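As written, the chain order gives the labels A, B, C, D, E and F, with residue 1 at the start of each chain.
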Amino acid sequence: MKLCKNVFTFIGFDNEYEESDIVVFGSPFDGTTSFRPGTRFAPSIMRNESYGLETYSPYLDRDLEEVKVFDAGDLEFPFGNTEKVLNMIEKFTKDIIKDDKIPVMIGGEHLVTLPAVRAVYDKYKELYVIHFDAHTDLREDYLGEKLSHASVIRRVWDFVGDKRIYQFGIRSGEKYEFDWANEHTILNKFNCNGIEEAIKEIGDKPVYVTIDLDILDPSIFPGTGTIEPGGISFNDMMEAIRKIKVLNIVGADVVELSPHYDASGTSTAVACKVLRELVLAI
Amino acid sequence: MKLCKNVFTFIGFDNEYEESDIVVFGSPFDGTTSFRPGTRFAPSIMRNESYGLETYSPYLDRDLEEVKVFDAGDLEFPFGNTEKVLNMIEKFTKDIIKDDKIPVMIGGEHLVTLPAVRAVYDKYKELYVIHFDAHTDLREDYLGEKLSHASVIRRVWDFVGDKRIYQFGIRSGEKYEFDWANEHTILNKFNCNGIEEAIKEIGDKPVYVTIDLDILDPSIFPGTGTIEPGGISFNDMMEAIRKIKVLNIVGADVVELSPHYDASGTSTAVACKVLRELVLAI
Amino acid sequence: MKLCKNVFTFIGFDNEYEESDIVVFGSPFDGTTSFRPGTRFAPSIMRNESYGLETYSPYLDRDLEEVKVFDAGDLEFPFGNTEKVLNMIEKFTKDIIKDDKIPVMIGGEHLVTLPAVRAVYDKYKELYVIHFDAHTDLREDYLGEKLSHASVIRRVWDFVGDKRIYQFGIRSGEKYEFDWANEHTILNKFNCNGIEEAIKEIGDKPVYVTIDLDILDPSIFPGTGTIEPGGISFNDMMEAIRKIKVLNIVGADVVELSPHYDASGTSTAVACKVLRELVLAI
Amino acid sequence: MKLCKNVFTFIGFDNEYEESDIVVFGSPFDGTTSFRPGTRFAPSIMRNESYGLETYSPYLDRDLEEVKVFDAGDLEFPFGNTEKVLNMIEKFTKDIIKDDKIPVMIGGEHLVTLPAVRAVYDKYKELYVIHFDAHTDLREDYLGEKLSHASVIRRVWDFVGDKRIYQFGIRSGEKYEFDWANEHTILNKFNCNGIEEAIKEIGDKPVYVTIDLDILDPSIFPGTGTIEPGGISFNDMMEAIRKIKVLNIVGADVVELSPHYDASGTSTAVACKVLRELVLAI
Amino acid sequence: MKLCKNVFTFIGFDNEYEESDIVVFGSPFDGTTSFRPGTRFAPSIMRNESYGLETYSPYLDRDLEEVKVFDAGDLEFPFGNTEKVLNMIEKFTKDIIKDDKIPVMIGGEHLVTLPAVRAVYDKYKELYVIHFDAHTDLREDYLGEKLSHASVIRRVWDFVGDKRIYQFGIRSGEKYEFDWANEHTILNKFNCNGIEEAIKEIGDKPVYVTIDLDILDPSIFPGTGTIEPGGISFNDMMEAIRKIKVLNIVGADVVELSPHYDASGTSTAVACKVLRELVLAI
Amino acid sequence: MKLCKNVFTFIGFDNEYEESDIVVFGSPFDGTTSFRPGTRFAPSIMRNESYGLETYSPYLDRDLEEVKVFDAGDLEFPFGNTEKVLNMIEKFTKDIIKDDKIPVMIGGEHLVTLPAVRAVYDKYKELYVIHFDAHTDLREDYLGEKLSHASVIRRVWDFVGDKRIYQFGIRSGEKYEFDWANEHTILNKFNCNGIEEAIKEIGDKPVYVTIDLDILDPSIFPGTGTIEPGGISFNDMMEAIRKIKVLNIVGADVVELSPHYDASGTSTAVACKVLRELVLAI
């Protein structure tokens, strides 16, 4: 009998690295999470639960069999050393880009977006960022720390600059963050209504899409660190992804699933479907 | 002192068999469930939790006291023998029909619908089927098995034939199932918008109504085997039931509650209310 | 080193009693709960989880730092003695009112509203009551008990009288309760559509606002005693609170969170935000 | 077809009232519970889960088929009225005794033991009480209330008197309770070591056995109101029951299972087996 | 960059098939489970959670690095067809044995042991079976079905014959099963006391070891289908494995973990350690 | 009316700072946790649940009213910056010691022990350490990080030196850690048998006691990061604490409760009782 080692990938992401256009990988880091940790478990649980999914999307009328995706598994991080973790992500993302593939990262907490965007920006200086989230993430620092999930978009702004970041679904933050956003980003409170305008303005410029899943209402996505009722519905999310399909997406991530806080498995199922649709939309 | 044995029925279903128009019974079978089993627990937990329910429906302005319903308890099945289970359900349903009563079954997984429809079809050859579900359930087979929860509606089609099955809320399946449906059933993607047209077309022909509760969004119904975000709301479900009230319903079922996956009890409460409204609508 | 004892208040409610306009306190009583108890845990768990909240509300564009609120902690009740508990609440509420402060109570089950309204009514004889709830709470008695969470609004009616109580979101009750409401209260089934009319009719008269959180759909608020699908959304609730801001609110409460039934923490997060918005609206 | 209403009894307790020697009934009351309520759910969940049990006990080498037991279901209580509840239990227990049957009650919280013992004592003035528990339950009052789960054995002492109560497994209480026990009861700290001596002393006098299941270590019985690590093992419990088999037991109860706090179902399975063994031992 | 597909094996089982002495594989079948299903999830969750384990055992003072183990992943079964599943297991096990490797199977429910023992017996006609379990599993049939988890050892007896099966830890079953065991197997009630005698009697004959994890007390192993308090401790299990190390083990399995019923993860951690020790003992 | 802000301390720890002999404080840090995070929630949940506790210990026959303890609440840490957190703990502990009080810390993960011991060592150069744990915690580094919960005792050894650390209950680690311990610490595998000898050897020298609660068996303490079956019982723990009462304890901690992983509350109840006994033993 001939047998190979047990391979474990997200459903439908079963191409070899060399032949793939998209490279999916997990960044199981939750070191700066301020409320409920546990996003470190998201990538492996999403792989596991993805077997409840179909590869065909009736939303986009497209099948994962039509795209070439490689699942690289998870990066292995040292615990308690934030800077080293961010460097590892940045280096890995750069390697993917160097091979002319599109990185799609599964978080982890939102801070992992920083090195991934930096790696993409390194190649695409005109980069725009589309940011789905419940929170502004625009703090200058959080309890003195500049590298925090609560200031990640502020850190991204440090290099992409003014009016390059479109924020959607925002419904929580300090007053000064909302005020700051007025001058430096394009912030949409509560929903994704401004998305068509954003698409028009961005045109064919390179775009990084970061989806903090807590943009979704906790009725459909309770499994996250900080629960913010009043979010968008799953169908709103599908609609938004369907729309950004026309953009020139050069990198993306899906972050902030903390699966242990939703024993029903709904949050993980939602995260899996958002990832499937995002990959089909690229 | 005179005391009788403890009787345990769904709230308001407390008539004797002889005097009842509707006979409710449980089919606690989940033998072909491919993802998360546990629908076997649904009927008894629904009976238990039904005591949190009122017998009066403000949706239909009707009370369970106005209808005659008998609760027969659960059928007792051998485990691991799918065919024997289906035969038991078919025989029991036929006996109910023979006594000129309307069978309303509580699943169990969706495959239990097959023998129940067959029993009803045995009497009503012009039978139509209204099918609420997240999934097409139209596979020719599932991993080689023709008798599967994923192919139950295909098996029903085997005898009721083309254009007799109206499907609502469908949002998951393989591409070929959607294509097949185009020719053989009337399939409504995502919602129940086509229900009024269906009602017009069916007229006063006999109808079997099967409600796979996973048609509901997992925000309100996470307690099921395969979670599919993007479903209809509870109010959409109430609305649909209110509308089909005018039809000549000769059999019905409510399936796919897997109560252990929703520790909050919401899914069970939803299933109980759907059952109450369905019975009031018949 | 100089250290003070650990103080524990709801986030942002950190003023001293003397300087405050609003006094928040917990009434951890669930003695007449008929289905699932546990609302006794609500006030302390809400305090604990409130640290996941921002003090700034983007809904009202207002910050808790702009209002003076004192958190008195929880009243300590004898277990099993309903009348003594109600007397303690009434006395404590009267003391707050005597000091010209507005009482805002965290339940506990809904029966705690009775003594609080009575205390407020003692001063404001023209009192109106705005009642958000899934249930009518208008039973004459419940299994023989006149003091019950299921008859609390009927007991309030005993002294405020006809057409002083506006009920919103009601979707469960016995038929006779709905009939009774037609003559004695202003009842809005299922939603809050009639709220603007209510506001117009009440004008600048004193109002007590009682929010039974089970008015919310269990998709967003499963952590409660009796689950009633078909409720209003969180955004509907925010909208209603935004509207009643113009009223002359002289007392309020938020009741019926039973946090242990929602392990995800969503229900508690919802309750916290409703309380924050309510306090900001007064 | 002829069908009877669905009957629901604890497994093996399926005799008619008239022919039975033992009458089991549920007292789903938890009104004075000071910490975590929920014992009200115990009797019905125990009935439900008893179907995982065998009727044969390898501990006692006896089968439930050899004894005649009737399961009367649960008493239906008004919520919030402690005295009325206690009166209902006392009356019902007296009726059973009048028919020369042995009452075995399923709680509910421990206070339900008071009226049951009183009813038994009414016939047997020489009554002894065997009390398995983690707590002394000897408070004069609890926050001013004399009728409390924390003072139930003190209230029993009020009429059975000194040195009639044997307490086992006690490991929690106020200092004064332990001191008081030294004079008025026979208290065994931590374990059941003194049980053989107790049996000798009691001889053939009538005995009431009350088992507060929190005598068991929370490793095997976490589903209870107040968790006290350091309890006896399940095998210790079996051993104790095996020993008291020789006594003249004229009444018994099993109380303080709060099933919702143990999602694994272990606590309920333990309670079921304790009840089975207790009934087989009578 | 060169990257391989994500490989997923139980910790330390990372050899290639050809070089390995032991082949581990999962049989995720729970089709005849009579009470709580879910053992189908055991193998993949055990792989996932094994990363909390060390490869070194202080019990045996041995490291997984010293043994050559291959993890073949899980067999993929059709749902609802018991016979086909058993045939697949038997064929796969025979193939492993043909390659002179020792099969170690992860269940699934206990019925999966039947085809595995049959495959081993096909080569070793003098086979003995060591059976750790809470249940006798000696029913002639279960609700008419001969192929059932409750009759698996009886089916094994059908071909290995009298006095070849040593049973340990048994504490549940019907009376007739215990009686039958007296004549046909060597049954140890409640514990593993007779294990040294068994080892002496078996000598160097080939042995199949089947560990139904419900032999363990539910305090340490609640995550299983049918909970039986009164089981052996984890240290008893370690001791038993340490002792059988001297035997000529030619096949083994670990079955009946149903991980979803123990949200704390303890049961899965226990199963992982039992598997590690068992493999180190072979 | 005069009212003070709501004060929230562990039960019985209600003295003022100045008058107290013992100062309890929480270090809610879990930044280097390698498996399941969440120990950050331990101190506040322990305060909350401590109200289910009596202040009297029948184990030590002593009451918390007899000792003077101050509860300082929790330190507030920056997230993601391990070094800054450790410095804050060290400084705070030194301040307590400077005021001639004994620090008792509630973790958090085990790494918080390092700065606390360092602060104590700063004053007591002859310090001994008693270390209760399932794990050796003697790694030179963990994935490259020297500051890790898995190397904390190794880091303590760096300054206290050879044969000053007594380890009890150890049952998990890499082989080289056990070997290293042979030369540098006094390691007791699996249990606390050597504790009396340790007490004799230490005599009246100053001792720091660190209790990693995962020394307890997961049957009684599943709520922790890495589950290791085969631990000591709660009564073993009580016995050990009773014995070390004679030592000159100058600092102590209780760490590694991760309360969210044990929904039953048992682990938290255990942690509370261990803390109560430890404080009574000092």
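FYI, a residue touches a chain if its C-beta (ideal position, glycine included) is under 8 Å from a C-beta of that chain, and two chains touch if they have at least 3 such contacts.
Predicted, not measured: the structure shown is a model, and the values here were computed from it.
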{"item": "Intersection of contact partners for chain A and chain B", "value": "C, E"}
{"item": "Greatest separation from chain C - chain, by CA centre", "value": "E"}
{"item": "Equivalent of A-B within the choices B-C, C-F or C-D, defined by over half of its residue contact pairs recurring", "value": "B-C"}
{"item": "Centre-to-centre distance between chain E and chain D (centres being mean Cα positions), rounded to whole Å", "value": "38"}
{"item": "Cα-centroid distance, chain A relative to chain D, in whole angstrom", "value": "55"}
{"item": "Per-residue overlap in chain F, given as positions that touch at least 2 other chains", "value": "36, 217, 219-220, 261, 263"}
{"item": "In contact (per the touch rule at the top): chain pairs", "value": "A-B, A-C, A-E, A-F, B-C, B-D, B-E, C-D, C-F, D-E, D-F, E-F"}
{"item": "Chain A - residues contacting chain B, complex", "value": "51-52, 54, 56, 58-59, 63, 217, 219-220, 234-235, 238, 263-266, 269-270, 273"}
{"item": "Touching residues on chain B, where the partner in the complex is chain A", "value": "35-36, 170-175, 178, 189-190, 217-220, 222-223, 226-230, 261-263"}
{"item": "Chain B residues within the chain E interface of the complex", "value": "30-34, 36-38, 40, 76-82, 84, 111, 142-145, 147-148, 260-261"}
{"item": "Interface residues, chain C side, partner chain F - complex", "value": "1-9, 14, 16-17, 23, 44, 47-48, 70-74, 95-96, 98-99, 263"}
